[in-house]
Structures are given as structure tokens and as C-alpha cells.
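Note that subunit A is present in both complexes that follow, paired respectively with subunit B and with subunit C.
Now for the complex of A and B:
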């Protein structure tokens, strides 16, 4: 229903001070092409999604492989890596903002002790987006790790033992036995994270507010600005339709890749 | 195959039409306002619900509600909502003509929005009802600048709940060390002093730099000192034809001074600073000056958790180009929900007169030590010295209240949207992505485009 309502509203002139769904045809869709912020916002969204999801998939899988090993105290590590999932998103964002504060943050304090020049994490055009990606990885990688770990722990031991008896190295076992076995779970984790990254809001709002300039304004955040800051509900709905289309492209690609490899 | 596609198109079109019809129906729903007119009603409800922000200012209000209940018999459910979400929640509630609250406190600048959503009840009929208005209620003593922001098409919809304006917080010790005898009296002196005060141990000045802080709030505070005043209600940086004025020489001079302050004299990373970061920098002795809203004064002078004990407060005098209306004020107001019964509205109005009354405000100043809750200039002027409140703060607040620009921020979605390029321009200046002139020229053309698209200018 919300999706259908947004689609319907995208053809109207509905604003917070003129809450009448008057028909305006494709006017809002034409505005998409003349809005000077839309190209940059789409690029930022793509960069953010690609960097965050790829990093989370790699780090999460490596974490899962480490946590699947049989060693003393592994249960404690498994719980430790779940902690980010238990922290409320806003609390995590506020903590990251304090950590990355240029003048008084712990990250720069530690860097200063080591002798590295202090970075302007959240207000620099080149570092602001990577800072948000790092904060997103902190909560996203454990999600991937948990899902992949579940897949690993439910795997039968026989194929791994057979590969080792055949002389496969540890890296080859991972590459040719374990990863193919957990691919469906990993594919699901990547789809899950892609959707989550596209709708990331709290980190951007708290850490950078979409700045500096519009360097960290993603499509989801731009929708929020239009609907709730500018009261431009119909144009925000049009952007929401664009978000659905923008999300469908990577999700479709992931689905196709997964399906092709399954055949 | 073609027929299937055609059928799908028909279904999609029908769905879109149904959605629009649904939205149209929901938007045209009638108000739930009912009962007798407030101008004649004498029935007063025994219980009301207040929606306000979760802020220490309102904690004091809540602490005084026992006295209100004792004197009126009206019980108050005081619902404090996180400040980040109250506006969103209220907008949704008003769109749905929600009747679960009777009284609410939000920024006055949003009055036109609430009026168009049929979410604000006119105040005048209550004022005229002698059975509801206390005989000693001094309506004329409320500040005209703030009241203007509560007025839409000549109708008053709210009364200010707290007073704000641009206040310069400064570290007296750092000023003395830099050989500066007192706070700057002009914007040019502010820039010069910030340069003198900047050294390796602390920055010269702090201004909110983040787009969402919003950075344009202190920016527009300063712009009122640069641009000539517009009395036509178009705001600070639109001319009488609603065209932006960001390429005027005075605006470009501001942009260059702003760039100097934010790139040379502000703390590193100020581009991500909001009000809490500047407050922390000020109270921990990491900046010598902070230009921001006066509502923060209570957090500075109470000394709790502050390493700086000798903070001075100043209001920079208005320039000759704008001698009377140089103070940007974004006060919050008290509103009555029209979607509740007349008895509930009457009870809400009684709370409104209590909180905006002289006695409550005197108590907020002398007992609560919260000058921000004092909206009546007469209360401030009669209390030239209050134990526990710096006298220069009281003097500055008095100056602010009598020099407010009543038309600084037109609250329309188009104007809100038009501020976005200004926010981005200031952010680009801070981060060095654009020169001041280039950033303001870009903002000028983008704002012009927005205003044209919305039919504000041709």
C-alpha cells in the first residue's frame, strides 16, 4: 500500500501546505531531470552501496570463516561480534560521530599519538563518505557474518575432509568447497545488506547531514529532505519511485549472478 | 503477449488512479472540530494532553503544572517527544486530524503549514472570551516580533513559548590574553577579533557548520547585518520581487567573511559541527567565541560540566543599514489543536495563558534561571539583576527582543526548499569545494530555478 500510495502521489502536486492531491501528470518526473542535485545524489548512492556491500560481504565472510573454526573460547568471540547488532542504530551513529570528531575524537587522538596527521573525517569532501561506509561496515559485516556462519555450521564435514585427503590446501578448501556451499546464504546476505544500505538514514543524518555540500546525500536521505524538510511530498514520492528502480538494478544483477552460477 | 502487457498497463493505470483518488479523499476529510464556539463556550475540560519537545526548557514547564492544576482543576498529561521526531509526528497527526492531543509547542515559523493542514486554532476568539481569559492577562505585553511569526493572513494562531535570538558567547580570559577589551560591536570587528583570538591552543570562533545543523541559521543571523532590511515579508535574502539577493556585493562580502571565519578561525572539522559540538567546544575552552541561539545560554552560565567559568554574553548592535530589525529569531509557540472539543480547547487555552503569563515568566527567570522562557520584554527589563544569571545576558536578551526581524523566515515549503542551495553553498565554502563567490553564484541560480519552478517568480 505505501508503495502504491507513493506511486500515486508522484503524479500529484501534494505538499505539506497544499495537502490536495491535484493531478499534475508527469511534472514531478520531468523535475527529476532538471534537479541539479539528482545526478550527484545517484552517484553518491551507487558509490556508498557498492563500497559498503562489497566490504561487508568480504569482511563478514572472513569473520564467519574465523568464527567457524573449532578453538577454545570461540563462543565468546561469536557473542562479541554480535554486539554491533544489539546496539540501536542512532546510538551507534552518535558514538561514531564522537569517535570521528576532528578536534576531540578518539580516532584522531590515537592517530595523533602514532604521529599520523589528524584527518577531517566528517567534514572533508574526500573522507566523509568513506567515514560513513566504515560506520556502516561496523553494523553490516556482523550481519553477513552471522548468516554465513549459520551456513557454515550446517555444512556437512565430509566434503571438506575429502578435499583435504585429496591434498587440497586450506585456501583451496575455502575457494572450491566452502564458498560454493554457502553461496546461497551469502547471496541472501548480500541482497539483505544491499536493501539495508540503500535505505540507510540514521548514519547520514547524524554523522554528516548529507554534507559537506551534498557529498554524502544518498537518494534515501534526499527523499527525507524533500518530504519532511521541504514538505514537498509529491516530489519526494517521485524520488521514492526512483529509489525503487535504482534498488531493482543491483538486486536484479545479484539475482541473475546467483541464478547463473546455480545452473 | 501483447494483450497481457496491455492488461498489465491497464491495471497499473487503474492502481495509480485509485491511489490518487484515495489520497484526494484522505486530504479532503473534514476537520473533527466540533462543539460550541470557543468565543462563547464556558465549559472547560478536566484533563488535557500536551505535546512538546524533550528539552530541559520544558522540564521547567512540567515542574510548574501542579500549580496550574491546583488553580484551575485541569490535569495535564505532559507528553515530551524527542525533538528530532516531534515535527514529523505532528505533521502526520495533523494530516490525519488527530484528536489525541489538545495543546502543542513547536517552531512558530511552521504556523502557515499547520494552518493549511487545519491543525491550528485561532487564538483571538479565546482572548475575547472573558470567562476564559484571566483579568490580569497582559496580551499587549507579548513581543510583537514573535507574534508576527504566529500570524497568518491577519489571524493569530499561537503565542511564543520561549524567546530566542543571536547571542555571542565569549571567553573573557581569552579576550584579555589577546588584548581585546570587549566583545565586537560590528560584524567586521567579529572577523578581526576571531583572527586575533585564533592560536595553537584554541580556535577563534565556532559556528554550526553542518548542512542540517543547519549552517544557514548562524549564516542568516550574520546576513541580516550585511543586507539591507526588507520589510515586505520575503525573508532576509529575497528582494521585493522574491528574487534571491545572494549576488549583491553585500552578500558576497558576507560570503568572503564567512569563509575566513570558517576556514581559518573555526575548529578543524567545523563543517560537521552542530549546536552540541559548538557548545562543547565553548564550555571546554577550545574556542574563544560562539555565535548561536540565545536558547543555549542556560547550558553555559549554570557552570555544570563547564571548564570555562568566565563567559561573557553580547548582542552585536544592529548596523546602520538595518537599525531596527537585525535579530534573527526562531521562537517556538504554543498552539491549540482544532480537532478536539471546545471544552478541551478551552482548557488548552487556559494553559496557554498560564505559561505565557507574567507570573509564570517571572518564576522561570528568578526560580528556574531559564531566561529563554521569558518572552515578555517587561519581565526582562524589570529584572535587571537576578541572582545566578549574568547581567550582560539579561541586557543582551532585552536587546534581542526589541530588535527581532518579524519576517526573517517565511515558512513555506518552497522557501524551505530554496534554503537548501544556501545550506549547500555554505558547506561548500567551509570544505573548500567552491570559492565564496562561486558558491553564492551557484546558489543564486539554483534558488532562482526553484522559485521559478514553483511559480513564485516568472
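Now for the complex of A and C:
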């Protein structure tokens, strides 16, 4: 129901100063195509989503493979890696804001010790988006790791043994036996993260507020600004329709890719 | 791990490689663990530091722990805001369970027309960014004059919480053998009686686990609370945001507030570790 209502609102002239649902036809959609910010916002959204989801999938899978090893102390890692899943998003966001602070942040003092020049993480046009990606990896990679680990642990041992006996190297076992087996779980984890990344709000609002300029303004955040800062409720609804369409494309693709090549 | 030696007493090359591999794994896992713990350590230390020391570069490790930050918090509205969060958590968890447990049971057991349609509808509700729903709801709440009320907030929270509860409960009910209810019903129980006397007692731990997961999600909710709460319902996460100034943030208060929000969840989580993983995987198609 609200979904249809949002679609309906996108054809009206509703604003917070003029709260009347007057029919304006496609005016908001024409506005959408002439809005100079929209292309940049879409590119930022795509870059952020791609960078965050790909790195979380890769790091998460590697971590899961390591966590699945039968080593001493591995269960301690398994428990501690769950922490980011439970920490409220706001707490993660404010601590990353402080950690990435230019003059007093711990990240800069840590990399200073290693000899890397200190950076202006959140205010630099080139580093602001990567900073948000790093903070997102903090929650995202453990989520993928936990999911894939659950898949790995429920996997039967026999195929791995069989491959080893046939002379497969460790890498070959991972590539040809383990990865195909966890493909459905990994696919689910990637979809799960994609959904989350598209709705990421707290990190962007608190770390950069969408800046510098509009360098880190994603579509979700742009909608928030339009509706709740500027009161352009109906134009925000039009952007929301765009968000649903923009999300449907990668989700559909990931679904098809992870589903089709099952044996 | 025992190292194997060959006849000449040399270390077996394969086991040396194994040792190296496990060393390398530990290094990678440790580095990532540092990354995972970094914000947590920051929160704990900064919460007990003198506010002025929080900005020192390099960070001070030796400091006299102080409760100054918590005093600042309690002089603001923060205690009341924690209370608002708690009320919202209880209300939204109760609603999610009351509606979600029977719905999950129905989806797991019954066959009815439109079941597939309803399932995909729930998936869409779960996947769509909440802002898409909030815009029309916000307009409607303003019109009805209930914006900022617990009613409006709980209703909005359920957009995400209810589908989650239903999917989780469906997966738990699906794992339960049907024979359990069938046996009770053959013995003369009505379906409702069988549910109450046979199924629910077995499912109790599952309901508690799901309830805790929902409570955690509701407790940490930020976006909906930010746009819908007013002074009388401000939640703790929104209050923490008010310590993030444009020019200078009050790090001490931010950290102390974060600690108070994180701590109860970490304690609860100890009890539901298994459920937590299940909560993540339940949606994963079987």
C-alpha cells in the first residue's frame, strides 16, 4: 500500500509548505531528468554499492575460509567477529567519524607510526567515499563471513577428501569444490548486502553528510535531503521510484547469476 | 598440532607447510580482528576519558578513568531517551511477535490461495529501502496528527520487523515435524489446542530468540526514529546524533551514549549466539 502511495505522490505537487496533493502529471519526472545532481548521485550510488559489496564479498569469503579451518583458537575469532553485527549502526558511525578525524583520529596516528602520510579522510573529495566504504566493510564483511562460514560448516567433508585423494591442490579444492558448494549462500549474502548498501543512511549522514559537495550523496541520502531537509515531498517520491528501479537492476542480475550456474 | 618427522628425524616438509599456512591464517584473522575491535576499543576508552583528553594526538593510553561523560549525558535528556527506546523496543517486539508468529505458522503449514503472492509481497517489503515507505506514511501521519507518537513509530518499525519475524518463524516451524500436531489432533485436539499445548511449548526457545533479534533491531533503529520522533519520543540513537556537532563533536558524550546503547545488546547476544546466525541465514533459500 505505501509503495503505491509513494508512486501516487510522485505525480503531485506536495511539499511541506504546500501540503495539497494537487495533480501535476509528469512534472516531477521532467524535473528528475533536468536535475543537475541526479547523474552524479546515481554514479556515487553505483560506485559505493559496487565497491562496498564486492570488497565485502571477497573479504568475507576469505575470512570464512580461514574461520572454517580446524585451528586452535579459531572459535574465539568466530565469536568476536560477531560484534559488528550487534553494534547499533549509530555507534559504529560515530566511532568511525572520530577514528577517521584528521587531527585527532586514531587511524591517522596508527598509519603515522607505519610511515604512511596522514590523510584528510572525510573531507577529501577522493578519500571521502572510500572512507565510507571502509566503515561499511566493518559491518558487511563479518556478515558475509558468518553466512558463508555457516554454509561451509554444513558442507559434507567427502567431496573435499575425494578431491584431495585425486591430487587436487589446496587452491584447486577451494576453487572447484568449496566455492561452487557455497555459491547459493554467497549469493544470498551478496543480495543481503546489496539491499543494505542501497539503504545505507547513518554512515553517510554522520561521516560526511553527503559531502564534500555532493561527492558522497547516494540516492537514498538525496531522497532524505529532499524530503526531510527541503520539504520537497513529491519530488522525493519521484526519486524514491527511481531508487526502487535502480535497486531492481543489480538485484535481478545477482539473482540470475548466482542461481543459474547451479549444478 | 603434532609435527611429523621422517625416518632421518627431519621435519616432514608437508607439515611444515601446514604450520606456515596456519600461521598465515592467524595473521590475517588477527589483522581483521584489530579492525573489528578498533571502534569498540575507541568507544570504551573514550567514554571514560576526560572529554579534553579525547582529542589528544597521539591518543593517551594512560589516563584516570572518569565518569564525567556519563554525568554530561544524564544532565541532558539521555536517560529519558533511553526510556523511549525501551518503550518502543517492547511495543514493537510485542506487535511483531503477536502478528508474526501465527503468520509464520500459516506460511509454513497451510496451503491457501495467494500464498506465493503474499510471500513475495513480504520479500518486497523487506528488501525495499524503508525511506520509500516512510515518505507516504510521514504525509499520512502529519495529516492524522499522530506524527511523533509511539503509534506512528511502532507502525513504521513493523515495515521491517514484521517480515523478518514471519520469515524466521516460518523457517523454525518448517523444521518442526508435522507429525507432532497430527498426533495431537488424532488424539482429539483441535488445531488451536494442539498449537497451544504441543507446538508452542516446543517452539518457545525459537520465539524467544526471534523476539531478542527483533528487540535488538528495534533498539538500534536510527533512520525511522530520526525522521519521525519528536521531543517526547526521541530515542537514544537519535540523541547520540545530537552530540555530533557541525564544527566540534562532543566525543566523550558520543562514546558514553554509544556504550550505553551497545552494552545491553552485547550481553543479550551472549545468550542467543546460535539464533543470531540463524537469524541471518533464515532467509537463505534451502
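Side notes on the structure shown:
The working rule: the second predicted complex is superposed on the first by the 262 of 263 C-alpha atoms of A that agree within 3 Å, B and C clash if a C-alpha of one lies under 4 Å from a C-alpha of the other, contacts with A are read in each partner's own complex, and residues count from 1 in each chain.
To be clear about the criterion, contacts are C-beta pairs under 8 Å (C-beta built on N, C-alpha and C of every residue); 3 or more make two chains touch, one makes a residue touch a chain.
This one's a predicted model, so the numbers in the text were calculated from it and none came from an experiment.
On the superposed subunit A, the positions of subunit B and subunit C overlap enough to count as a clash. Using the contact criterion defined above for the overlaid structures, shared-chain residue A:251 touches subunit C, although it does not reach subunit B. Once chain A of one complex is fitted onto chain A of the other, the partner contacts of A:9 extend to both subunit B and subunit C.
Contacts of A:228 after superposition on the shared chain: both subunit B and subunit C are touched. Look at A:103: by the touch rule set out above, it reaches both subunit B and subunit C.
Within the superposed three-chain model, A:87 lies in touch with subunit C and out of touch with subunit B [touch as defined at top].
Legend: residue contacts after superposition of the two complexes on their common chain; A:69 is shown touching subunit C, with no touch to subunit B.
Of the two partner chains placed around the shared chain by superposition, subunit C is the only one that A:199 touches, whereas subunit B remains out of contact. Using the contact criterion defined above for the overlaid structures, shared-chain residue A:210 touches subunit B, although it does not reach subunit C.
Once the two complexes are overlaid on the shared chain, A:240 sits against subunit C while remaining clear of subunit B. Of the two partners, subunit B and subunit C, it is C that touches more residues of subunit A. Overlay on chain A, subunit B versus subunit C, candidates 42-50, 60-68, 96-104 or 132-140: the clashing stretch is 96-104. Within subunit A, the residues touched by subunit B in the first complex and by subunit C in the second are 5, 8-9, 14, 19, 97, 103-104, 205, 228.
Those residues of subunit B lying in contact with subunit A across their complex are 15-20, 22-24, 27-28, 87-88, 91, 95, 112-113, 116-117, 209-213, 267-274, 277, 280-281, 284, 286, 412-413, 416-417, 420, 423-424, 427-428, 430-434, 446, 449, 453. Remark: subunit C residues 1, 21-22, 25-26, 28-29, 32-33, 35-40, 42-43, 46, 54-59, 124, 127-133, 135-140, 142-143, 159, 216, 219-220, 222-223, 227, 237, 240-241, 243-244, 249, 251, 254-255, 258-259, 261-262, 265-266, 269, 273, 276-277, 280-281, 283-285 touch subunit A in the complex. For subunit A in complex with subunit B, the residues that touch the partner chain are 4-5, 7-9, 11-12, 14-21, 23, 31, 34, 36-37, 97, 101-104, 118, 120-125, 128, 205, 207-215, 225-226, 228-232. In the complex of the two chains, the subunit A residues touching subunit C come out as 2-3, 5-6, 8-9, 14, 19, 59, 62-63, 66-67, 69, 71-74, 77, 79-92, 94-99, 103-104, 106, 108-109, 112, 138, 141-143, 146-147, 150, 170, 184-185, 188, 192, 195, 198-199, 201-202, 205-206, 220, 223-224, 227-228, 233, 236-237, 240, 243-244, 247, 251.
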